Amino acid sequence: MQKPIATLRSATGIPTGRLAIWWVIASEIVIFGGLLASYIMHRIGHPEWGGYAAHTNTVAGAFNTLVLLSSSLSAVLAHQAAEGGDGPKAARLLRLTVLGGAIFLCVKGLEWTHEIREGFTLTANGFWTFYYTAAGLHGLHVLAGMIILLFVAADAQRNRELQRVELIGIYWHFVDIVWIFLFPLLYIAK
Amino acid sequence: MAEPASALAHEKPHAAAHAAHDEGFVKKYLLSTDHKIIAMQYLFTGMLMALIGGYFAYGFRMQLAFPGAHVPGYGVVSPAQYLMLVTNHGTIMIFWVAMPVLIAAFGNYLIPLMIGCDDMVFPRLNRLSYQLFLLSALILIASFFVPNGAFSGAWTAYPPLSANAAYNLTPWGASLWLIAVALEFVAFLLGGINFVTTVMNSRAPGMTAMRIPMVVWMIVIASILFMASVGPLVAGAVLLLFDQLLHTHIYDPAHGGDPLLWQHLFWFFGHPEVYVVLLPAMGIVAEVITVFSRKKLFAYKTILYTAIATGVISFFVWAHHQFVAGIDPRMANIFTVTTLIISVPIAEMIFVYLATLVGGSIRFTTPMLWGLGFIFAFLIGGVTGIFLGSSGSDIYFHDTYFVVAHFHYTFFPIAFIGSFAGITYWFPKMFGRMMNETLGKIHFWGTIIPVNLIFLPLFMAGLAGDHRRIYSYMNFPDSARPMLQNLRITATVALIVLLAFQLVFLYNFITSLFRGRKADVNPWRANTLEWTAASPPPHGNFVEMPAVYRGPYEYSAPGRDDDFWPQNIPA
Amino acid sequence: MSTAHSEPEHANAQLHAHPNYIQIWGILVALLVVSVCGPMLGIKAVTLITAFGIALVKAYLVAKNFMHLNIERSYIVFLLVTAVGLMVLMFGGVAGDVMDHQGRNWRNLAAQEEVNRALAGVAGESGAEQKGSTPGPAQPVAGAEENFKIVCSPCHGEKGDGKGAAAVALTPKPANFTDPEFWQTRDKAHIEKVITLGGAAVGKSPLMAPFGSRFSAAEISALADYLMRLKQ
Amino acid sequence: MFESLIPRVSTFASDIDGLIILIAVLVGFWFLVAQGVFFWSLFRFRHRDGQRARYITGEEPSEKRWITIPHALVLVCDVFIVVGAIRVWVEVKQTLPPPDATVRVIAQQWAWTFIDPGQDGKLDTSDDIRTVDEMHIQVGSLYHYKLLSRDVVHSFSIPSFRLKHDAIPGREIIGWFKATKTGVYDIQCNEICGIGHGIMGARLYIESKDEHDAWLRKMSAAQTPRSQ
C-alpha cells in the first residue's frame, strides 16, 4: 500500500510512528493504572491479602523480571543496530527478545499451573482475581509484542522498515516497566 | 515560518496510486482506507443506530403515557422490556450515535481536509477501528435476540445488579452488552490515536497551532479526554465480565468485593465522556456561526483555552454523579466545588459564541438555524446542570426526571442539533450536491419545538419527585396524580411529532443525495481548506497540496472586496 | 515501500549517542537482587522501600535510557507523567470509599467482616478450602423460618398466604402456600427449583427472584420444607 | 409554586428548597441575560443588503472585557451557590443530630422492610416491629435510619422529605430526618434494581404521638414472640 503524504509529514519533529506509540503507551498507562490503583486500594484495605500473597512464587517472579530486563536489553541493542543500518543484526537481536518473551510466558505458565493445582484459581478470592487479571493482561501484551516483534524482525532482516525496530522496542520497554511494578505488587509485598 | 511553497516541493500527490482505488463496490465503499469513505461508514451506521434508539424512545414513552396499553408498532411493554428499552436507548444514543457521528464521522471527514493533507496517518488502522466499531454495534444488536433478552440494568450498569444474572435475569444480554461497550472503547481508542497523531504531525505547511479550525481542535481535545479517561473503565469492565461469567467477587460485597469501585471507575470515564461529545459539537457550531454571520470567531485563543480547561477540570468532577450513592459525604464538598468551577469555562464558551454573533451579518440558512438552535437549547441544559452539581440540591434531584430533562437538554443539542448543523453544512462537500433549504427549515422547526415540549414538562415532573426508570407510576400514589400524568402525555405526544419530522430529514437527505442541485466548490464562501477541494473531494483530497497563510476565520476583513479570505490564498 | 526517501527528520532524530546499555542492564539486575533480598530482612519499612522504591528507580532507568525519554521531546514526558498523574488522582478520589471500610456516617460491614473472618482463619488455610465455601458474612446461617421472614414474606406474606405488603402491585399475584390446591401440582423438587432459579425458570412471573446465589442448597431445602409445612 | 408540586414535610426540606430557589434566581438571571443577548443580536445583526459584518478579533483588552467581566461575575455567583450547597449538605448528610429513635431500613429486590425499635426504643430486641412497605413514624421526632441492602443497589427516597440515599449491599449508611407534618407520603426506590424496580414503592405514615403510640401498642400485641 502506498503511504499517504499525511504519514510522511512531521510537524512536531517526532516521526509519526513514534508519536503514535507514545499515545498508545499513554492510553495503556491509564488501563494498567486503573487496574493497579483498584488493586492497591483493595490490598491496603484488606490486610488478609498479605497471607494470600505469601503463596506466590517470588523466585519465579524474580527470574521473570530478569528475563524481561534482558529482553529489553536486546531490544535496545537491536535499535542501536538498526540505526547503524545493520538490519540482519537487528533482526537477530529482536528474535532474542522474542525468545525472552517466550521464556517469560513459559515460566508464567508453570507458575500458574502450580498455583491452580493448589486451588488458587481466579475465583478463589479478590487477591487471586487481581493477580490473574493483572498478570494475564500483561501476559497478553507480552504475547502481542512477540508476534509484532517477529514481523518487524522479518522486515529488518531485509533492511526494510528499520524505524519500526525502535517503535516495537519502545512498546517492549513499556511492557517491561509494567512488570517492574507488577513484581513487587503481586510477589514481594506479603 | 518556513516558506510553505518550497516545503511543498517534494509532496506530489500520488494521483496514480489514489486512482487505483476506483474498484468494485465492496472494495470502494466497504473496505476502503479513504478517510472520507470511513467517515461515511460511521455516519450511516450512527444514523441507523439513531433510528433504533429513537424507536426505543417511542416504545417506552408510549408506555409511560399510556401504561399497559398496546403500543402500535411495538406491542405491550412489560416491565422487563421497559428497562431493556431504557437501558439500550441510553447506551445506543451515547456510544453508538453521539460518539460515532460527532467524533468519528466528522473527525474522519474533516481532520485531513481541514488541516490540508490527503488522509489519516494510519489509513488501515482507521479502517480497523471502524470494523471493530461495526462489530460492537452488531454484538449490541445481537443481544436482543439471545435468551432472556438484552441487558436491562441501565447504561451505568451498577453492580451487583449487572454482575450477577440472578439479579438482572439477563445472563447473555448483560455480558454481550459489556463486551459491545468494551469493544467500542477499543475502536475509539485506536481512532483517537489516529486523530491526535494526524493533527499533531500532518498539518499543511503554515498551519500553525493557532490557525487550526476550532472543530479540529475540539475533536483532538475530545479524543485525548477519551483516551485518558477510559482506561480504568476498560480494566473495570474486564473485572465485571469475570464477575459475570466466571463468578469472581470483585464487585460482590458478600465476598470482599466493593460495588462502589465500579461506580467510581464508570464515572471517572463517564463525566469526561460528556465533554468528549460536547466539544466536537461546540466546534461544529463555531464553524457554522462564523461562516453564516460572516464574522471572525471572537477570541480564538480564549475559546481554545477554555476548551482545554474544561477538559482538564472534567477529570476532577466525576463523583458529583454519586453524591448520594454511598460515597463519603465529606468528599461531596470537594466535588461540589470542582463541579461549580467547571461551569465557568463552559459559560465563557457560550459568551464567546454570543460575542461572535454581535456585529455580524447573520444569514438564517438551515445549518445556521441548527447552530443557533444548539446555543439556545444547550443554554437550558447548561444552567440546569448547576442544580445537580450542587450537592445540597442534588439530594433532591438525584435520579429524578429533572436529571433526565437536564442531560437530554445537553445531549440532544450535542448529538442531534450539533450533528444536523454539521450534516447540513458539510453536505455539499460530502456528496457534491445541495440539500433542499425549505425542507431543511421545516425539519428544523419540526424538531426544535417538539424537543422543548418533550423535556420542559419533564423538568416539572422531576420537581414533583418523579423518579427514573419506572415503567408505570400507578404504583406510586403521589406520582400517579393526573396533573403529572398529563405532563407525561405531553412529552410523549411531542416525541411522536419529533420522530415524525425526522422523516422529513431522511427524505431530504436521500433525495438530495441523488437529485440535489450540484454544489460548487465553495457554496458557503467559507475559509477553511476543505472548501478548496472538489465537491466531493477525490481520493487524496487535493489536486495540489495546499499551504496555509492565515487563520480560519478571516471573514469581512477590512480592505478586501470579498467578505471571506480562504486560508490557502497567498496574501 | 522503503523508508529511505521518507522521514528525513526521523533520521536526524535518531542520530544520538548511545549509552552503554549493558552497563545499565547490569545496574538493573543489581537492583533486582536488592529488591528480592530486601524483604528477607523481614522489616516492613525496608520491604516497602526496597520493593517499591527500587521499582521506581528501575522504571526510571528503563524509561530514560531504553525508551530514550532523555532525548525525546519534553511534551512526551509531560504526556506520560500526566497519564500517571491522572491515575494518582483517581486513586485519591476513590480510595476514601474503597480502601477505607468506614467513614462519616457509613460502615462497610461486609468488608470488615471479611477481613476479620479471613484474619482469624487464615493460618494454614489453603485456597482450595476458601473456594466457594464462604457464606456471605452479612447473612449468618439462619433457620428456614427466619429466612422466610426476611426474604419471602414481603411478597408472600408472613403467613405464606400470598398477601404480603408488596403483593398489591404484583401481577400475577404471589403464590399462596397455605392453599392445598397449590400443592396438588407441586413437589419439593419443583419448589427448590423455583427458589434457586426464580419464577422465570419455570414459566412463572419473573418477579419471583432467584435466590440460588444467596442461599446454600441446604438452606433452600430447609426453606422448601418450611413452605410445605404451611399447607393448611 | 414548588410546594404545590410536592409538599414539604421535613425540617430540612425548606433548606433544600431554599437552595434550589437561590440557584434558580442566580442561574435564571444569567440564563435570561444570555438568551436576551442572543435573540437581540439575531434581530439586530440579521443580514441586510450592503451591510458588512464588523471585523472584531476579540483579542484586544477592550473587546475581551465583554467576556472577562461576565466571567468574573459568574465566578462570584458560583461562590454563593457553593456556600449554600455545602451548608445544606453538611446539615443534611454530614452531621447527625442526637436521635429520639433509630430505625432500620432494609431494601431487597423489590420490597422495603422497616424495623422500628418498638416500645423499648432499642433495635435488635425482642419487641422490634418489622413492617413491609409501610413505615410509621412520629411527627416531630428525630429519627436516625440505618440503611442496608440485601442484594443490589437500591435508593431510599422520600420526595416530600427531600431525602435520598442509596442503599449499598454490604454497607450500613446512617442518616437522619425529622417530620414536620402528619400525613401519608410515597417512599420510592430511586436506583434501578432489576425488573421489579417499578413496583418497589412504600408508604410513609407520619403520625401524631397518640396515633403512633396506638400503632406501637397494636403492633406489639400482634407481634409473635421471636426466637432471638
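Labels A, B, C and D are assigned to the chains in the order they are written; within every chain, residues are numbered from 1.
The definition used in the following text is that a residue touches a chain if its C-beta (ideal position, glycine included) is under 8 Å from a C-beta of that chain, and two chains touch if they have at least 3 such contacts.
Bear in mind the structure is a predicted one, so any value in this text is a computation, not a measurement.
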- Item | Chain centroid nearest the full-protein CA centroid | B
- Note on the structure: Averaging C-alpha coordinates per chain, one finds the centres of chain B and chain C separated by a number of Å equal to 32
- Per the centroid of Cα atoms for each chain, what is the distance between chain A and chain C, given in Å? 25
- Message: Residues of chain B that contact two or more other chains, please.
- Response: 79-80, 167, 169, 228-229, 232, 253-256, 258, 260-261, 265, 268, 326, 329-330, 475
- Note on the structure: Check: chain A positions touching at least 2 other chains come out as 2, 8, 10, 12, 14, 23, 26-27, 29-30, 33-34, 37-38, 42, 46, 123, 125
- Of all residues in chain D, which are in touch with two or more distinct other chains? 93-94, 109, 151, 169-171, 173, 194-196, 199, 201
- Message: Touching pairs of chains, all of them, please.
- Response: A-B, A-C, B-C, B-D, C-D
- Query: Which of the residues in chain D come into contact with chain B in the complex?
  - Reply: 2, 5-6, 15-16, 19-20, 23-24, 26-28, 30-31, 34-35, 37-38, 41-42, 45-48, 51-59, 63-64, 66-67, 70-71, 74-75, 78, 81-82, 84-90, 92-94, 109, 151-153, 155, 157, 159-160, 162-166, 168-171, 173, 185-186, 188-199, 201, 203
- Message: Give the list of chain D residues in touch with chain C in this complex.
- Response: 93-94, 96, 108-113, 130-134, 150-151, 169-175, 194-196, 199-202, 227
- Query: Where on chain A does chain C make contact in their complex?
  - Reply: 2-3, 8, 10, 12-15, 22-23, 25-27, 29-30, 33-34, 36-38, 40-42, 44-48, 51-52, 55, 58, 62, 65-66, 69-70, 72-73, 75-77, 80, 83, 118-121, 123-125, 128, 160-163, 166, 169-170, 173-174, 176-177, 180-181, 183-184, 188-190
- Complex contacts: residues of chain B adjacent to chain A: 11, 13-14, 17-18, 33, 112, 117-124, 189, 192-194, 196-198, 200-203, 207, 227-236, 238-239, 242, 246-250, 255-258, 261, 265, 268, 540, 545
- Query: Once bound in the complex, which stretches of chain C touch chain A?
  - Reply: 1-3, 6-7, 9-10, 13-15, 18, 21-22, 25, 28-29, 32, 35-36, 38-39, 47-48, 50-52, 54-55, 58-59, 62-63, 65-68, 72-73, 76, 79-80, 82-84, 86-87, 90-91, 94-95, 98-101, 111, 114-115, 118-119, 122, 126-132
